[in-house]
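Each of the next two complexes has chain A plus one other chain: chain B in the first, chain C in the second.
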Partner chain A sequence: MSNAVWQTPEAVRRLAKRHAAERRFRLLGLSAIVLSLAFLALLLVIMLENGLGGLDWQFLTGSDSTNADLAGVWGAAKGSLLTMLVTLVLSFPMGVLSAVYLEEFAPRARWIEWIEVSINNLAAVPSIIFGLLGLAVFINTLGMPRSSPLVGGLTLALMTMPVIVISGRNAIKAVPPSIRDAALAVGASKVQTVFHHVVPLALPGILTGTIIGMARALGETAPLLMIGMRAFVVTPPGGITDPSSVLPMQIFLWSDEIDKAFVQNTSAAIIVLLVFLLAMNGLAIYLRNKFEVRW
Partner chain B sequence: MTETKITARNVDVFYGQKQAIDNVSIDIDDGMVTAFIGPSGCGKSTFLRSLNRMNDTIADARVTGEIRLDGEDVYAASMDPVALRARVGMVFQKPNPFPKSIFENIAYGPRIHGLVQNKTDLDEVVEKSLVKAGLWEEVKDRLHDAGTALSGGQQQRLCIARAIAVSPEVILMDEPCSALDPIATARIEELIDELKDNFAIVIVTHSMQQAARVSQRTAFFHLGNLVEYGETSQVFTAPRNEKTKDYITGRYG
Partner chain C sequence: MILTGVLLAVVGLGLVGWFAARGRARLLYTGRGSMHSMPSYHGWHMALWIIVPALLAWMAWSFMMPGLVDGAVLASPAAAQFPPDAMSRAAILSEARTVASNPNAAVFNPLSATLAEPMRAAQQRFGLIGGLIVLIVALAGGGYGLTRVRAGFPARTQVERAVLGVLLLASLMAILTTFGIVASLLFEAGLFFKDVSPIAFLTGTHWAPGNAGGENISDNFGAVPLFWGTIYIGAIIAMLVAIPLGLMSAIYLTQYASSKVRKLLKPMLEILAGIPTVVYGYFAALSVAPMMRDFAASIGMANPSTESALAAGMVMGVMIIPFVSSMADDSLAAVPRAMSDGSLALGATRSETIKRVLLPAALPGIVAGVMLAISRAIGETMIVVMAAGAAARLSLNPFDSMTTVTYQIVQLLTGDQEFNSPKTLSAFALGLVLFIVTLILNIIALRVVKRFREAYE
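== the complex of A and B ==
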């Protein structure tokens, strides 16, 4: 039994057109991916070509120097580590608690709406503004040491917190309400419901957001310029109050050097920074899979 | 001789400006099943949720009037909603086990309420609850598998076992079979029939046959009003109100 409506030349043509549109879309999508990946590949190739020769033990364990052969990346890497540590310790608990409070406990009031708008705005503020704020508050007003991972970490924590709040709220929102009902119905208190059930289920999303925020902070240069982390530091920092540099700043400083020998150092430092970022993203994926609950 | 477990007097429930329940008064007896029936949106689920103050979680919900559990005012300032919900358990429309093991699903309640002192007691509570919910034989060898991996009907019985585990006095069921196939539904109905000896059970249902099969009392709600309440056999065979008659004979709803 055949249906005459589908046999007309008009119908056949329309069907062919739809298939063609589908093929065009696939091609377009694929080329978009290939184009962006090509640039990334190009960057990697150039960096590896220029920098791989400079990646030796001396480079990985040394600190900055006026002599390109003696200059190393360890001082800046340690500065980055300490700065990130300060940022994480401050922004993670504050961001998660803010997200939990706003999503689960806050009354529906006008001032809460203002806070929500402010946090969304804060996430979009240019980073150099945070640098100025850090300079004014932490160094000039509170008298904390210049160029230190402490002040750098505090400044970057201000920047990272809104990102954690926003991703945390989305992750909490995505936990089905039926789970809250289930916990409340057996007599769990609100706090028990949130911390026994909602937060653990939201954790993969919270961690992903946190690490994305941290990765952004790791690559940040502008706000750290303002608080003096561009100093020429020849000894690795011993603690969070010692003067220090960070990896992206080291890259910036070396790329500014007139001496041609620093080109290799710059590329090598970029490789180190990329390895750092790769490790952090790897950690994010690992943690997400580890805490993911399958329904 | 039956005892009254819950008494409601002149209860109104509002969501913001909208009134969902209008002046409902009802006595719910212990040791039997009370069914709430009525067309969608008639307020039966809303009324059910006000019995254990689950409506507290909805920001603009407001309950006026009086609801008493064993004579204690459920909405009094001295009533702790957390303790109340342990005494008045609830089973929901869609099975909602925690994404944890079968054992952990049941152990959670007794643990947070401090009902057990040690592992042996806990094991015992878990086993008893699963036995009462008719699930023990099916899951006793895989207590540490995910509760969410069970079939829909098993998940709902797991949720019933979870409610039983904290020794409630009343179990509220909000359309507990609407997501289940007929076989799983029959299983739950048998279970409800067994449980009524130990608990007061209130069940909201859209299935008139189900109300007729499992309940001893039936309340018919319409547009937020309690239209008729009485013995299930009376409500289904000799309804006093025209609206009830129309509804149960399938003329609308």
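== the complex of A and C ==
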């Protein structure tokens, strides 16, 4: 009798309906992912299709030019390189030291909370706001040279630092307390414990976060637009105070050209930029897998 | 020039001091417990005493030197025929400074050419004096450091105190940056609001900074169309794309996919977040916008524009997908296992459990994630700059070209106008509004996430 209730035609039909709904929902989820990835694939395919033809030696070693055939990406790439150098030199030590302080030494106090709140907020402030800061402070108040990798690097360093601090704190937090206790127990001071044992163990995590932050900075355009890094630069910059352009900016400038021939250049420059980013992210994943310690 | 060389010399001296102090400290070692600190800490203590005071002196001197040089040049006989007013004096002086450092620089005022020589001489002289002062300070610091190398001297505690000071300074950078952002935005926006009333700016509907000026200047700075464009593109169109796709992706990945599939698909989805925005912008302008235009034409719209809110919003939505997805992922994972197990045990199917139990339980976290996503979308710049257009209009038609706050900031600041016109200053006022809105969204969202986590712990 009790079995029979579940096998009436009506119950069977209701169950089939519910299972059909289940399948539909599952399919919906799958199609959401497939759609997102299809968009990614479309983007990559269009860029490859337009740009692969333009990738040759002339393009990789040349600098900007009004003639699409002669224009190349090296000037902008060198600008990016110098800018990233300034960013790394400033934001890495600052970020690591600040993460160490907040995680290991900071007293429980009101003003420490302020630091934490402002770091979390800085990580979410729109990048264009950092550009406004760079324009108002570095260029208009301190009179640093406009469109130079120096100012660009400074601005991006302020933007990258919170990312490094947050990932650095997580990496330091992951080092088990027993390591610290062991060092302290054999007579090391607090500073020695942190710099001889905790930081080296946390370094792979910190480096991964740094590389991800740098990759974000490398693709950033909006703040650099604010500080005028859109110079038309025919010769690659020689130093960090020369006017220069960066890779994403070069893409933006070429995308504005009316000449159809620049479509190929723009796509080719995008391929170069994406290859750089892919390499950096690959390095981050490699570092994480190679050196990550599961405690 | 001289001062840079002096800086290198100071660093060299520091190195020498490090080795010297360590060497002396080693001689003091007579056995276990005979010294308070290891010899290398004596080295560091010495190096710090050489470098830090010298660096401070160097900074003070580089700050003072331009004033001293200008004073010396003005006192020179060549400056006797200067115009009396301060403005042109400063202009000539700064021109002379450029000529002094680069003889080929263009000269507008013949006076500055004659001043170049005295200028260079004065720079040389004061540079030498400054260099000497810095070196003396370094040597004095080193001398003091050397007298401290004694067996009982607590060099390690001293050095560690200095290290802690450096750490503290580094963490204060974050507050300094926040302060710098707020101060610079408030200052420049304050200058703007001297000319334009804040009420007209926040409630006006006519945006035309190009022909602003004279009496009715406030009438041309009504920012409502920009706010509307920003909300329409970033908070409506982009979210219509990102929320369903991101949420469903997260549900599939966390509830249905096997761990193998999940490990493969999740990083691929995250690639979407790593692509630079300028690439999305170019993609929107090159492929999506023409598609939208053709689509608009095919459904019978007259003269659809290439730059449409829809193209920019859609591409922005795709960019946000991984963000929404990972936020939803976190909130779904925070729901206790027992809740979904209970529902499944009662005979509900997976999808029924997800819809009736998991999603309602995870809703606060998901809403907070959407708020963070909106704050990210409205601050996004390159996509709208390349695909959304410049026309400030209040329109509901997604195929219209619309402009946003970020687009206008870029537009206002990349021209070649003088810095203090209301036109450029209005960019900072827009930046201030953007900063405040994103800040509020972030603070609320982070608070919701925190409370939500606590509720289930």
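Points worth noting:
The working rule: the second predicted complex is superposed on the first by the 248 of 295 C-alpha atoms of A that agree within 3 Å, B and C clash if a C-alpha of one lies under 4 Å from a C-alpha of the other, contacts with A are read in each partner's own complex, and residues count from 1 in each chain.
The criterion applied here is as follows: contacts are C-beta pairs under 8 Å (C-beta built on N, C-alpha and C of every residue); 3 or more make two chains touch, one makes a residue touch a chain.
No experiment lies behind these values; they were computed from the predicted model shown.
Touch criterion met: A:Asp181 reaches chain B, while chain C stays clear of it. Shared-chain residue A:Glu22: touches chain C; no touch with chain B.
Contact with chain C, but none with chain B, is seen for A:Ser255 once the two complexes are overlaid on the shared chain. Here chain B and chain C are compared by how many residues of chain A each touches, and C touches more.
In the superposition on chain A, A:Ala231 makes contact with neither chain B nor chain C.
In the superposition on chain A, A:Ser189 contacts both chain B and chain C. When the two complexes are laid over each other on chain A, chain A has residues 189 in contact with both chain B and chain C. Residue ranges of chain A in contact with chain B, taken from their complex: 108, 176, 178-189, 192, 196-197, 201, 293-295. By the touch rule above, chain A contacts chain C in their complex via residues 18-19, 21-22, 24-26, 28-33, 35-37, 39-40, 42-43, 46-47, 50, 93-94, 97-98, 100-102, 105-106, 114-115, 118-122, 124-130, 132-133, 135-137, 140, 158, 161-162, 165, 189-191, 195, 215-216, 218-222, 225-226, 228, 230, 248-249, 251-252, 255, 263, 266-267, 270, 273-274, 277, 281. Against chain A, the residues of chain B that register as touching in their complex are 52, 54, 57, 59, 82-86, 89-92, 94, 96-99, 108-109, 112-113, 146, 148, 159, 162-163, 165-166. Put simply, chain C touches chain A in their complex at residues 156, 160, 163-164, 166-168, 170-175, 177-178, 180-181, 184-185, 187-188, 244-249, 251-253, 255-256, 265, 268-269, 271-272, 274-283, 285-287, 318, 321, 349-352, 354-355, 372, 375-376, 378-382, 385-386, 406, 409-410, 413-414, 419, 427-428, 431, 434-435, 438-439, 442-443, 446.
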